[in-house]
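Same chain, two partners: chain A is paired with chain B first, then with chain C.
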Partner chain A sequence: MDEYTIGVLTNIGLFSFIALSAYLLLLAGELSFGQQAFFGIGAYVGGIGTALLGWPLPLAALAAMAAGAAAQTLVGLPTLRLRGLYFAMATLAAAEMIRIVLELIHFQRVVDGALVGPDGTQGFRGIRWIFEHGIEPAAFLALVWSLLACVVLLLAWIERSRLGAVVRMVGEDPELAAVLGIDVGRLKLGVAAVAGALAALGGVLFAHVNTYVEPRNFDIMLGVHSLAYALIGGLGTVFGPLLGVALDIGALESTRLFHGYRMIVFGGVVALILVWRPRGLLDERAVDWLGRRLWRRTP
Partner chain B sequence: MDFAQNTLDGLTSGAAYALLAVGFTLIFGTLRRANLAYGACILFGVYIATWVAQRSDAGLATLALVAVAACVLAGAYVERLCFAPHRERRGNQVASGAGIAAMVASFALWMQFEEAATLLLPRHMYAFPALYEGAPLALGPLSLRVEAIVLFAATACLLAVLWLVLQRSRFGVAVRALIDDPLAAGLCGIPVARVFALVFALASAIGGIAGFLVVAAHGQVTPHLGMWATLKGMLAMMIGGLGSLPGAVLGGFLLGLLESHSQWYLGPQSRDLIAYLLLFTLLALRPGGLASWMTRWTSTRSAS
Partner chain C sequence: MKRFIAFALFAGLALPAQAAHPEAKVDCKAAGDKYVYDCMIRLSQDGKPLTGVEVTVGADMPTMPMAHSVKPAKAKPGKDPGMYHVRIELEMHGEWALKLQLSGAVRDLIVVKQQFGDEGSGHAGQKMQMK
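Coming up: the complex of A and B.
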């Protein structure tokens, strides 16, 4: 594989994490415009961990995931009883506040003769852990995709369990779910915490592959893109968001087929797909159909 | 004195926010859907007008007409592709996620408009014929820009006309009936699809005028206009209360005042931080916005 392909595949893997976090909230019936903030928190916490405190990457990633989960839980506590556009706007407001706070953070230190750390709007330079440890791009790609595989397998297993059915039920009809004795508020908080942790994990990996992040990376465009990925890919299965990311980054951005017109093509394709299938390409019906076909073939 | 000057500036930007929020809330009130492409339609309309201004010596009135026409066309495209196919149909299983699909589809078209606009005029900034060339008026120690007066007067006129249309005309009755209950309105013989399309056109025209006034007052156009209009319009709409016209106007002015004062005392980053903090707190405590305190005045159903 050449370097370019490795870069594209790494990006698909990275953005799949934030698309999955938007997907999880959509399953629970909530539309978030704010996942980019937790991606950003992950990038900053992970970067501070490895570049400033000298932690190994796994420890920094765990800390980032904890921070992402905590942040999304805190945002979710007062807002998860809202629905639809109200929740979307509340998460957008929270995400923009977090982005502005990242712009105000100045916390630089000299490490090995170079100044690293968050420097307000100038961004956060020098997150060089994977270079210092001699990790090749191909190895990092393998790391990203094996993490993603673990997450996807775990989520696929949960989806087939009772818990998965309960989450979908809360998303479809929270009142009915509450009548059946489900603690809707706590369930949504749990989903939000997992979504925050996933977005933060994507952020850590993003920061380390780029060595440089700035608050502007985490504006509303990233958040709404992740939402669009989840929705065009499909809400029927955990593989849907991955398909959405692959469609945009893999098929349109990287082939340069529509160079200069990419957004016009992508925008039109998304709108048309949603007219045809309002819950995405791999919606519940498609997944059911596929599942039955595959089931019949295997004895 | 600074305080008075800031208040004046805040009211001026508040007038633009109020127009944007009214356009947003008209669409939301009738369709119960947020149109994320609203700001992008405005950007598109204003870019077409700028393009015309670069190639001819058209006057301001012509440019305003061009901007409004392009904005209405762009709005019709958005309505056909994002909102007409996703209208709520009773007894349809798919309807539960239709609102989200419409919103994401309108975001996709936002991307289209933004790229189309930058393909049309690729530079980062373009000059736009200014509303008024002279020096600002001096009111004692305060200074008042003539553009601000125009913006203010235009906003007041537009809101008055809109109020009359909604309260007095047959179309207005149909719109208000749709807001109350789309199903019952349809059963009474109101052509629901056509009224939706007309509301969309009306909101887009208001957006086109707002966009034109803003760029003509500043004398320049940048591609950030789309994002700016969407964010400020939504912010003012949510502060005022979703779906309420008086709320949108109040929310716009409140946002303008808040921004100008906090910018003066705390700087531009804190200005945005405070605006978002206000929105977040309001949503957490009182999702109905300002309108939930004045429900008796509102003709439209506030969504508290």
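Coming up: the complex of A and C.
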């Protein structure tokens, strides 16, 4: 496999984490335009862990996930009281606040003769753990997809459990769920914390494969795309967001002949898909149909 | 299980770290066609020209790292040691983060931010002439 293909597949894997993060909140009935902030927090915390504190990547990733979960919980405490567009606007505002805070962080020190660490709008250079430890691009791709497979399998298992049914019920009709004795607020906060941790995991991996991040990497464009991944792919199964990312990055890569106009072409394609299938390609009906066909074929 | 987790957490500590980081200076001139640039890259390590590496150059726009990205192109070694030449085709003017992927004698990734305009490139933040 050539390096370009490895790069594209790594990107699909990395952005799948933020897509899953937006998908989880959509399942719980919340439209978030702010998941890019937790992706960014993950990138910065993970980068500080390995580049400045000398931690191994797994430890830095755990710290980043904890920070992402904590940050999304803090944002969720006041904002999850809001509904629909109000929640969406509040998450966007919170994400912009977090991005501006990242622009204000200056925390550099000399490592191996080079200045390393967050330098405000100039970004965070020197997140070189995978290069310092001789991890080849193919090995990093395998790491990203192994982690993604673990996350997807875990979420698929949860979706088939009682907890998964409860989350979908809260997303569909929170009043009915509350009447049935479900603590809707606490459940949504728990889902938000998991979503924050997942976005942060994607962020820490993104920072390490690029060696450099800056606050502008985590602006509204990434938030819109993360939501689009889940909505294009479909809300019927955890595999939907993965399909969304693959279609998004695949479409972007395959429409290079349109040069700078390809985002416009891509936007049109997304709009058409959402008019045709408002809950995405793999929506609940499609998943049900696929499930029945597969079940019928099983002896 | 505990041993596995401990190994996974601290596996990186046992591996050797590289001492010096390669550095790059990039200067791009407009090649004639719109958004096409010829770039000269000067690579160095410990103040000496860095030779014997393969350089692949890609580019991203910082505000959307994957939406506006350029398919990586291989740089050719120039006449002087440590000099490499590459032609890149961007999608628009503005600030781009050039990603220099080094392989061979040294494996690394160097990110250089440049502002691209009609004439060529300058350091990010520097105003370029644009039509």
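Going forward, the second predicted complex is superposed on the first by the 291 of 299 C-alpha atoms of A that agree within 3 Å, B and C clash if a C-alpha of one lies under 4 Å from a C-alpha of the other, contacts with A are read in each partner's own complex, and residues count from 1 in each chain.
The rule we apply is simple: a residue touches a chain if its C-beta (ideal position, glycine included) is under 8 Å from a C-beta of that chain, and two chains touch if they have at least 3 such contacts.
As the structure is a prediction and not an experimental result, all values here were calculated from the model.
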For the overlay on chain A, clash or fit between chain B and chain C?
fit
Between chain B (first) and chain C (second), which, if any, makes contact with A:228: first, second, both or neither?
first
With the two complexes overlaid on chain A, check the angle at chain A between chain B and chain C, Cα centres, nearest 10°.
90
Which partner chains sit in contact with A:263 here, chain B, chain C, both or neither? Use first/second/both/neither.
both
First (chain B), second (chain C), both or neither touched by A:125
second
First, second, both or neither for A:96, with chain B first and chain C second
first
Give me, in Å and rounded to a whole number, the least C-alpha distance separating chain B from chain C in the superposition.
5
Taking the contacts chain A makes with chain B in one complex and with chain C in the other, which residues are shared?
260, 262-263, 266
Within their complex, chain A touches chain B through residues 26, 31, 78-79, 82, 84-86, 88-90, 92-94, 96-97, 100-101, 103-104, 172, 220, 224, 227-228, 231-232, 235, 260-264, 266-272, 274-275, 278-279
For chain C, which residues count as touching chain A in their complex?
8-13, 15, 17-21, 35, 56, 58, 62-68, 71-72, 91-92, 97, 99, 101, 107-111, 113
Which chain A residues qualify as touching chain C in the complex?
3-4, 7, 11, 15, 56-59, 112-114, 123, 125-126, 128-129, 131-134, 210-212, 214, 216-217, 219, 221-222, 225, 249, 252, 256, 259-260, 262-263, 266
Touching residues on chain B, where the partner in the complex is chain A
28, 34, 36, 81-82, 85-86, 94, 96-105, 107-112, 114-116, 119, 227, 231, 234, 238, 242, 269, 272-273, 276-277, 279-280, 283-284, 287
